[in-house]
Amino acid sequence: MSHSPVSLVALLHGPDQPGLVAKTAGWIFARGGNILHADQHRDLEESIFFQRIEWEPSAAASPVAEMDAFREFAGVLGMNATVASTGHRARVALFVSKADHCFHDLVLRWKAREFPCEIVAILSNHTELAEAARGYGLDFHHIPVTADTKAAAEARQLELLRALRVELVVLARYMQVLSADFLAASGIPVINIHHSFLPAFAGGKPYHQAHRRGVKLIGATAHYATRDLDEGPIIQQDVARVTHRHSVDDLVRRGSDLEKMVLAQAVRWHLAHRVLVYGNKTVVFD
Amino acid sequence: MSHSPVSLVALLHGPDQPGLVAKTAGWIFARGGNILHADQHRDLEESIFFQRIEWEPSAAASPVAEMDAFREFAGVLGMNATVASTGHRARVALFVSKADHCFHDLVLRWKAREFPCEIVAILSNHTELAEAARGYGLDFHHIPVTADTKAAAEARQLELLRALRVELVVLARYMQVLSADFLAASGIPVINIHHSFLPAFAGGKPYHQAHRRGVKLIGATAHYATRDLDEGPIIQQDVARVTHRHSVDDLVRRGSDLEKMVLAQAVRWHLAHRVLVYGNKTVVFD
Amino acid sequence: MSHSPVSLVALLHGPDQPGLVAKTAGWIFARGGNILHADQHRDLEESIFFQRIEWEPSAAASPVAEMDAFREFAGVLGMNATVASTGHRARVALFVSKADHCFHDLVLRWKAREFPCEIVAILSNHTELAEAARGYGLDFHHIPVTADTKAAAEARQLELLRALRVELVVLARYMQVLSADFLAASGIPVINIHHSFLPAFAGGKPYHQAHRRGVKLIGATAHYATRDLDEGPIIQQDVARVTHRHSVDDLVRRGSDLEKMVLAQAVRWHLAHRVLVYGNKTVVFD
Amino acid sequence: MSHSPVSLVALLHGPDQPGLVAKTAGWIFARGGNILHADQHRDLEESIFFQRIEWEPSAAASPVAEMDAFREFAGVLGMNATVASTGHRARVALFVSKADHCFHDLVLRWKAREFPCEIVAILSNHTELAEAARGYGLDFHHIPVTADTKAAAEARQLELLRALRVELVVLARYMQVLSADFLAASGIPVINIHHSFLPAFAGGKPYHQAHRRGVKLIGATAHYATRDLDEGPIIQQDVARVTHRHSVDDLVRRGSDLEKMVLAQAVRWHLAHRVLVYGNKTVVFD
């Protein structure tokens, strides 16, 4: 919520030890930086310290040099650290299939300047959204996927991500499972939206499962994709009330509103460097 | 929301057929009854008709005779029907263990006249709540349960339920699993509160499971107990938002508020004859 | 949730009297109709009966004749009644200004077939959304409004609504107040979205008001427009949690999501003939 | 969420200036303290800095001396500061009238160790809750209030608060307005629960007002009492969905659940030194 031109954001975590808050704040202050936000969390059970700290570097300093210096400093403290500049707009690719609700929602939010990023490509295993993508002025890449061609298709996807220097993939109801090899090779975060309240109703056709079980709430879950399908670190979840009057079609429609809101929130937090992953969980500094 | 002295409530379901709404309403009207509420639902996939209908019988009629006559009429339509009088206060037994939050909540709501029932006994496998029960003027029965004595303990519980003519059992965080034999022999509905958003985190220690998985919402589920643990028809569910800052202890505390609200709502609906069970699901006419 | 080709929906209200449920159901049944849904409500304080009843007329009957016959029948019962056919798609005009979030949301839902209507025109006092409207293939009419030209502008709007046979106006963040004369002359329902939890923060700049007061929740309210600004019958409301960390700009962004959801729900209910207005309140048969 | 025996909590606010985070953290670290939590907020519009910082002082230090030293240090920074020790259990008085739901809820939570305080007295202008209070082992003081005796009654209340060294008053549905003189003379915070979503439906009979207006959500608001009735700084608010089917009595019942939850949350936050008041708003460090 700062409107400053450029600030730096560090996400740290590592073994807890006394004085960490004072040390990071002191380091920034000593170099002429002004701390805008600093949030800490301690996992008392596992003795891990987590911090998100955002600061304006001294006008005299080079942001890139400050980022490097902070990483080095964090290493001395024994912390894992990522540092980003709010002046950098991440390059994002959306993967879609036929469903268009998350696609339109993300693109319209981006056009309304909710997301500080560049959407550099739409990738799809189908052609249904080609025209809509081009209507938004976005490049659309059709890469069909079948059981036989999956490896080759993923190779093309990877090539494209690299050529476009993509830094974040968002699966906006992309109905193919990305292989563990793809995820490892891409080396970038992938955010997925699952249309249930995980871990309930993992796997396929979750609204059908929910209807069969007679639950009174349906949900949606945004998570980082990992090699274990539907098991990655959860970023955001929400639910909506349903009744016996709702058919599976009704659940699908109501669920699509949840999916839009939950995925958009996860993307917004990720792009604001508010999500820190450790193990199979996230710390969200909201 | 009627304030009439006595009305009758029928819950019907059976194969759908044209004219059912007109037939039930016509039957009541022809006998001088006044319909207060009538809610229908059609399961279009399975072609089942569900109805809750509440009416004031003619002042000249005997309520008991009207109830019998309606059951017979429903049978002719091919419908399953239960009929209850709002003048009857169900006899309820609470099963508790050591945790007292649902116990206090239910009893205080009952004393505040939220529940049209009589709480006729508190049964517990522990003694921690004996004094509190007696402070409320309620009979407390201590029936310890161990692996070895479970069958005998259930026999004593059954005997007590029969002697007290109990019509509903509420498991207010009772930490023993009731056997399939007990449920079959008792022949009365048993409402349980599970401290998770079922089907997520079925089984033991759900808050520990939720914490380990890193979910962003925790839940509670009230359901009818069946021989398949945590698989019975769901009556009500709700969730609350949690973050990485919440320890397992925090989840337990926040969850206890959910458990109270969800269980109380389920009991309130059951006692108002608003819950119709079919297969493994419920239709809640709220 | 019926998938029948055509059904009829009646909304009734009038003085309560015994036998109304039986009479309406009996009338439909006697003419060979099949009741799909029937919901009743009694306002016990004011002794008013409300009903929404949906049925498939006999295949042999003319729907138009059935609608006329039902209206006549309802009149005999002393009831106000509107009757609609689900085969008719209402003609809708959207009024917009510069903000585009509700506009995109409604149009995309319409294109996704959530709304059984025809959007026949976009009217705006500005030109910002002209291109987007045309991109969707929608007619855009620019009718500027100033204090001096307001009466003339409203005359042009009315003329257009009549020429296009518009049956519902939706104010999708249209930032002009419609005059009492306009509302009376148009003779059709007008749904507005107010960006606060009415009656809190009526009037202008509600997010600024909310921020100043330090509320912990912000809201949005969809209501029928009446001559008393922000005082019309409320159809739907919802809220979202905010904190001291949220600036007015943040409230605006979070509020825009609420506005979309609340307005879409109100329009969906209206088009499904689920909203019955009486006095300054609504009965929503959801 | 720390389980340490004693920590200190400071709430600071004052004119923003560079280096404040580093200075407070550095001061604590230099004296051998270990920071457990530190949350900051900047009001960018008014250039005010807010902080809640919690730390374990050095084992060698006297907590009282550390608290004094911190206050002095904060003064040098130009900050307003309060400092509390988590080892101190605040002395709390509950004011009640006839309604008992908030009373039972607060006392049961306190007995379940949710609130780190001592409830030292129940004050009431009625006698209905005398027996319940004594059943909990709490002192009950009956101080009747009429228009004529109000000044004298408030004098007695003040005297009692002083004699019992009360540090927080909670109005648990106390149905008398405390005078501005009383609030000024008591010199301690007073938390009130208002049974509406303020600022909607301020004043008396808010559920009747809500019913008349036909709102779709009802609310409850916990706030600090100030001389301007219903205008004090809001601590917490929540809402519940209602429909046309709910009578005023139903709103009262549903509202009482909201009131319990909202008031309990406000008291919990206050006792954990998480609420900082400035002007007519609060910053809640949750």
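The first chain written gets the first letter, and so on, giving A, B, C and D; residue counts start at 1 in each chain.
In the analysis below, contacts are C-beta pairs under 8 Å (C-beta built on N, C-alpha and C of every residue); 3 or more make two chains touch, one makes a residue touch a chain.
This structure is a prediction, so every number in the text was calculated from the model and none was measured.
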Set of chains adjacent to chain B and to chain C: A, D
Chain whose average C-alpha position is farthest from chain C's own: D
Which of A-B and B-D has more C-beta contact pairs: A-B
Euclidean distance of C-alpha centroids - chain B vs chain D, Å: 37
Chain A-chain B separation of Cα centroids, rounded to whole Å: 41
Set of chain A residues in contact with two or more other chains: 1, 44, 245, 247
Interface residues, chain C side, partner chain D - complex: 41, 43-45, 50, 197-201, 213-217, 219, 233-239, 243-245, 247, 280-284, 286
Chain C-facing residues of chain A, complex: 1, 100-101, 104, 108, 112, 114, 135, 245-247, 249-250, 253, 257, 261
Touching residues on chain B, where the partner in the complex is chain C: 1-3, 18-23, 25-26, 28-30, 34-40, 42, 44
